[in-house]
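In the two assemblies presented below, chain A is common to both, partnered first by chain B and then by chain C.
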Partner chain A sequence: MAKWGKMKKIFLLMLFLIVSTPVCAELSIDITGAHSAPMATGLPVFTFTSPKAKDFAEKMTKVIQSDLESSGLFGVIDQLAYLQKFKGIEDAPSFVDWQAINAEALIQGHVDYLNDRQIRVSFRLWDVFAAQELYSATLEVDTNGWRRVAHMIADSIYKRITGEEGYFDTRIVYIAETGSPLNRKKRLAIMDQDGENHKFLTDGENLVLTPRFSPNMQQITYLSYYNDTPRVYLFDIETGKQQIVGDFPGMTFAPRFSPDGHKLIMSMANNGNTDIFEMNLDTRAVKQLTRSAAIETSPCYSPDGKKIVFNSDRSGAQQLYIMDADGKNVKRISFGKGRYATPVWSPRGDYIAFTKMAGGKFYIGVMFPDGKGERLVAEGYLVEAPTWSPNGRILMYFRQDAPNYRGIPGKTRIYAVDITGYNERRLITPVDASDPAWSPLLSNR
Partner chain B sequence: MRRHIFAALAAVALVSGCASTTPEVEEEEEVVVSAVEVEEVEPQEEEAFVQEAKDRVFFGFDKSNLTADAVAVLKNQAEWLKANPETTVVIEGHTDDRGTRDYNLALGERRAVAVKNYLISQGVDADRIQVISYGKERPAVVGANEAAWSQNRRAVTVVKD
Partner chain C sequence: MGLRLNLLIRMRHWPFLFKTLQKVRDHLPMVMSVTLHAVVVFLLTYDFVSYQQSQTVSVPIFVVDLTKVKVAEMTNLPPKLKKTTQKKGSKKSVRTSAYSKAPSASSGKSSGFVSSGASGGSNTSKSAKATATVKSNSNAAGSSTQSSGAFLESELNTLLDKVTTSKKQDKTAASAPASNSIKNTSNNDTMDDSFKTLLASVDGIKSGLGYASEDEVDINEDEMVTQGIEGGQGGSYMQDLSVSEKDLIGIKLRQCWNIDPGVRGAQNMLIEIRVFLDKTGNVKDVKILDKARYGKDSAFRSVAESARRAVYICDKKKEDSPFKIFPKNYEQSYETWKTLLLRFNPFDGKVG
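Let's turn to the complex of A and B:
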C-alpha cells in the first residue's frame, strides 16, 4: 500500500504537471499537442472458461481499452509484447515480465459463461512496480449488460488510479443534423459516451434544439418547433412520449433541470424582451427571475441549486452574471474582451465553462465562479455549447467548420477536451452533430 | 466516392443559387440538393406581396433597430397589408451564425417584434401579425463573410391565407 501510495503520488504529480504546464498564450493554446506520457498499462484479453465466454471476454477487453485510452491518461501496451500469458484470474502476475516491458499498471480479467442470460466477470488491477493488487471485483451480470459492465470496470480503474470518479458509464444526448444548410433537419439522438448504442429519438419532422438530461436520466428537456410554435418540451426516454412544458404567451427556450430535478429553468421571449423563468415541475408554478429590458438567457444552476449563472446583454453586449436561485443579488462575473455566452456550472462546482466570441472567432473556456482564472481550451470558426463530464474534468462541445469560399458549409461535429486544454478528440456520429449534453454517471443515478 | 462528388456538386449548385434573393430560384435549388420535400405552391397573395412590396429587411450586427432602408421597405409592406385586409402575416426573425444559439433565438425575436411594432404603428391591425424567431437555424445564404452574414440578419414578412 505504501509503495502504491508512492506510485499514486507520482501519478498525481504527473497530473499536477499537466495542469501547471503553461497553456501558452491565452489565444494560441495547443489543443492538438500531446503533453506527457500516458500510464503504460498491460491489458491482456480477459481469460475465459468456454467458447461462449470467449466472445464476451474479447468484446469487454476492447471496450475497456478504448475507454482508458480515450482519457489520454492510459496507454495500453501492444499485446504482442506481453511475455506472460494468463490462464485464469487466480494466475498471479509475473511482475518481472511486466516490468520488462515497462508496464506500470496491469489489468487482469476473466469471464465465466453461467447460462444464456448471465456471465460472471472478474478483474484485478495491479501496480506492477510495487507488485501489489490495487483493486479487484467480481460481477454477475445480464449478458445484455456486457457493454455497460465493461464501462463500469473502466470507471473503477480510472477512479482507483486518478482518485476521481470515472465517466465511461454515461450517455450523450445531442442534435443530429442532416440536409440543406438553409433548411436543416434536426433530430434528437442519444448514444453512449463512446458513440455506441446510437439511437434517433425524433423523426426530424420538427426542428429541435438544445436537449438536456434530467438528473435521474429519465427525461430530456429541449426546444421543439412543433406546430411552428417554439416551446420547451419534455421527452420521456422510456416511453418516447413528448409533452409541452407550461402555457407561455411567448417562445420558451434554453431549458435546463435543477440539480434536484424538481424544477426547470428557461428563457421566455415575448414582445421583444427575453427574461429567465423557473417552473416547478411538481406544482407547475412559474416564477419570473429576471426583469430587465435586456436579453437574459442560457441559465444554469450551480450544483447545490442555490445560484444561477446566465448571460445577459444588459451592459450592451453579452456577459456572464450570477444571481441567487430566487433572482436576487445579480452580479456580473465576466469582464474580458469579447462576448461571453452559454455558461455551464461544473458538477464539482469549481469552474464555469462558457462560449466566448472575440475577434471573429469562437472559443470554449473555463473560469472560476468569481470570474477569475479564465482559460480557453478550444477555438474555431464556431465552437459552442460546452457540457461537463460528470466528474468535471472533461468538456464536450460542438464545432462547426467555416463554409469554404464557395459557400459550401463546413462539418458540424462533437468534440471533447480535457479542461487542461489537452487531449481534444472527436466523437464519431453517424451524421453531423451539435448541442451535446452529457449525462450523469449511470451507476450513480 | 462518386456519391461524395455528387454531394459536392449539389452543394455548389445550392450555394450558387441561394446567393440570389428571388424565391423561385431558391426553391428550385432546394429540390436539386435535398429532395427532402417539394414545397407547396405558394399562395398567390404571397407572390404578389413579394413582387409589390419587398418581403424582408436587414439588420446590423447584434442589432434590432430598423435602418432607414428597413423603414422604407416596411412602409410599402404596411400599405400593401392595408390594401389586402383579408391577409395575415408571420414575421420571421433571423440572425447570422456569429452568435450562440440561445441568444440568437432571443435576438431573432427582438427583430421580428421591431418589424411588427412598426407595421402596427403604420396602421396594420396587430391581430393580423404573428412573430416567430428562428435564430441562426434558417440562414438565407451560406458563407463565412460579411456579405453572407448581412443577408442572414433579417426579418422576413410571410403572407398567410
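Let's turn to the complex of A and C:
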C-alpha cells in the first residue's frame, strides 16, 4: 500500500513536470558589494520658541553633530548648504531641497523652554530619498541634563539608522598619569565618552591600574598598590568609598565583573603560580577555576556569562584560551605567531579583542570566539588594553609613543577605532591617559 | 503435463530468473519511474523530430536576380512600421500580400524584413545578409506569436511546395509563367526599391497559379500599422538583459549603496527588493520583501533600508540612472521590466 502511495507521488511529480510550462520569471539583478562612506546628514540648528531656548537649541545641535560625526558613520552637511529653513517641528521637509544637496538623512529638532528648570526637546528623523519619517520623539528634561539628552538623541538616531544600540550616553574611566617617568602618579579618572565632565576619582597617593566598570555602573573595580601590595579594590562612584575585595594570601590583579554583576573574576599569584579565581560578591565565596603550573591571567566573561576567555602560557607562549564558566573544557583559540594578551569579549558576543605582540610591535586585534578571522585594527610601539563600546562597535585602547632620543618615554593617549579598522580617533584628556574602560549605556542602567 | 513438469524442473536450474523477477517487484516504483522517464524522453524526441520535419520546406530552384537588391545593416530589432501615406480613414483594397505592400508604406523606419531587404544601405554585395535576415524572419514565423508577415511567409512556403508538385505535373502550364512573371516584375522601374520586385514576384507566382484571389482583403490604416514584420506582437526579441547590461546595472546600484560595514551579521545578509518602474524607467515604488525579518531584526532593517535608499538615490541620477537602460533599449517589452527583483548582498560572504 505504501509502495503504491510512493508510486502515486512519483507519477504526480512526473505529470507535473510534463504538464508545467515554463513560467516567465521576474527579471532579477544581483548587487554584490557596496561602498562605505559617512552618511550625508542634514542637521539644521534646532528651532526654538523663546530666546531662552535658543542657547539650548544651539548647544544640543552641536553635541548631536559631534557625537554622530565621531562615530565615522555620519557626515553632517555644512549649515550654509541647506536650502530649507525650518520654522518649527511641524514644518514638513521639502525633500527635493535636501535631495539636491545629497542629504540621505535629515534631523529636524525643536526646543521649548518650559521654565527655569525644564525644557522640552522634540526631534524627527527623516529618510530623505524614501521621503519617510524614520523616528520621532519628545523629551521633557531638566535643564542641567541637556548634554545627556543630546547624547540620548544621538543614540536614538544612531540606533535607528545602524540598527545597533548607541554609545554616546556613556562614560569612560581611565588612569590619568602625571609626573616624571621615575615618579609617575597614576590616578583614577572618569569622564563622558566625548571627554566632557572630567573628574579625578582618587588622589594619586597609591598606584592604580586596570579599572573596570560593573554592569550596573555603580562600582568600579581596579588594582591598587595600597601599602605597596597589589590588591583588587571596589570603588563606589556614588559614595566615593573604596573597599578591598577579599583577603587573599597572594597578589590579586586583572579583575573583571561578570555580566550579571554578582561575581568578580581575577588572577591571583601565589608561590610563583598564577591562576584564575572567581569570587561571589554577595557571599564572598571564592572558587579556583584553573589549576595549572603555567601563568593564567586576564580572564573575561562572555556576554551570556557561560564562557571565560583568558590567556595562558601553558603551551610555552602566551596564547588565548576559552573555558566554561566553571573552569572545564579548556580550549586554545589563538594559533598565530607572536603572543596574545588581554582578551576582552565583545558585548554583542561576536568578537574577542586582544593585544598582540609580534615582530617588536604591539597590535590591537579582533577574532571570532572560535579563533578564526583574526584581524588587526591598530598597531604601534605600544598599544594595549582594548575595551569595547557597549554596542560592540568601537574599541578603545591606549597608545604610547616610542621613547625619544634621551630615553624619555613617549606620551600615553587614549584612542578609539571602529572594529572595521577605520575611523581611529584620539580622545582628548587633560593629562596622559592609559587603561581606559568603557561603561555600559547610562540610559540602560 | 509432462512438458510443464519438465519446464519447471529445468527452471529449477535457473534460480536467477526468479530472483530477477523478485527484484523487479521489489523495485517497482523505480522501474515505473525509469519507464515513465523513457516514455517522456521518447515523446519529446519524437515531437522534436516531427517538429523539425514540419519546418523543413523543400524549396524549388528559382533563378532570382539579387544583384539589384539593396541591403540595409542587419538588425534583430525590427523598428515599427511607419504610417502609410494613405489618408486617414481611407480604405484600400489590397490585392497583394503585406510584403509587396510594405515597401510603399515604409521609408527609413519600416518593417524589419523590408528595411533589411529594401531600404537603407546601397551595398549590393550584402545579399548573404539579406538571406540571413529572411531566415531569421522565417524562424520568427515558427515562434509562438506569428506576425502577419511571418504568416504570409509560411503561406509562401506552402505555396512553393505546391509549385514543386505542379512543376512535376505540368512544366509549361505552371512553372514557365511563374518565372516569366519574376522577370517581368523585376524589370519594372516604377518601383523605388529593387527588392520589392522580388516580393512582388511572389504575388506573380500566386497570380500565375490563380492563388492570389484568395488574398484579397480590405485593410484600413490602423491595421496597416500592425501589418508587416514587426517582430510579432509580444515577440521574443527581448527576453532578458544581456550579462553585461545586468553587470552595468549592478555596478551602478553598488555605487549608490552606502552601508555601514560593521553592522552585525552583514556578511550573512541577502536583501531582496522589488522595484516598480514606469515606462520612462523611473522608480514608482520600492518594496523590501522579507517583511518578517525587517520587523524584528534591526540590523537587517538597517541594511535593507540602505539598499532601498540606494535604489532611490540611483533613480534620482536621472539620465545616469541604471534603470534608464530599459526604456532606451527595451522600450517595447515594458511588461518584462516593469518590476525588477534586486538582490543586494553586502559582502559576497567573503568577510571573515
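The definition used in the following text is that the second predicted complex is superposed on the first by the 409 of 445 C-alpha atoms of A that agree within 3 Å, B and C clash if a C-alpha of one lies under 4 Å from a C-alpha of the other, contacts with A are read in each partner's own complex, and residues count from 1 in each chain.
Everything below uses one rule, namely that a contact is a pair of C-beta atoms (placed from the backbone, for glycine too) under 8 Å apart; a residue touches a chain by one contact, two chains touch by 3 or more.
Keep in mind it's a predicted model, so treat the numbers as computed, not measured.
By the document's definition of touching, neither partner reaches A:Asn227: not chain B, not chain C.
With both structures placed on the common chain, the touch criterion links A:Asp350 to chain C but leaves chain B unconnected. In the superposition on chain A, contact of A:Thr283 is made with neither chain B nor chain C.
Shared-chain residue A:Thr342: touches chain B; no touch with chain C. By the touch criterion defined above, A:Phe253 reaches chain B but does not reach chain C. In the superposition on chain A, contact is made by A:Leu382 with chain B only, not with chain C.
Of the two partner chains placed around the shared chain by superposition, chain B is the only one that A:Ala317 touches, whereas chain C remains out of contact. Interface of chain B with chain A (complex): residues 8, 11-12, 14-16, 18-19, 26, 30, 33-34, 36, 62, 64, 90, 97-103, 105-107, 109-110, 113-114, 117, 132-133, 137-144, 148.
Considering their complex, residues 28-29, 32-33, 36-37, 40, 240-241, 246, 249-250, 253-255, 257-264, 286, 297-303, 305-310, 312-313, 316, 336-337, 339-348, 352 of chain C touch chain A. Contact residues on chain A toward chain C in their complex (touch as defined above): 3, 6-7, 10-11, 14, 17-18, 24, 26-37, 39, 73, 99, 104, 127, 129-130, 134, 159, 161-164, 348, 350, 368, 372-373, 375, 392-393, 418-420.
Every residue of chain A that touches chain B in the complex is listed here, in rising order: 179-186, 207, 209-210, 223, 228-230, 250-251, 253-254, 267, 269, 271-274, 295, 297-298, 311, 313, 317-318, 339, 341-342, 355, 357, 360, 381-382, 384-385, 400, 402-404, 406-409, 435.
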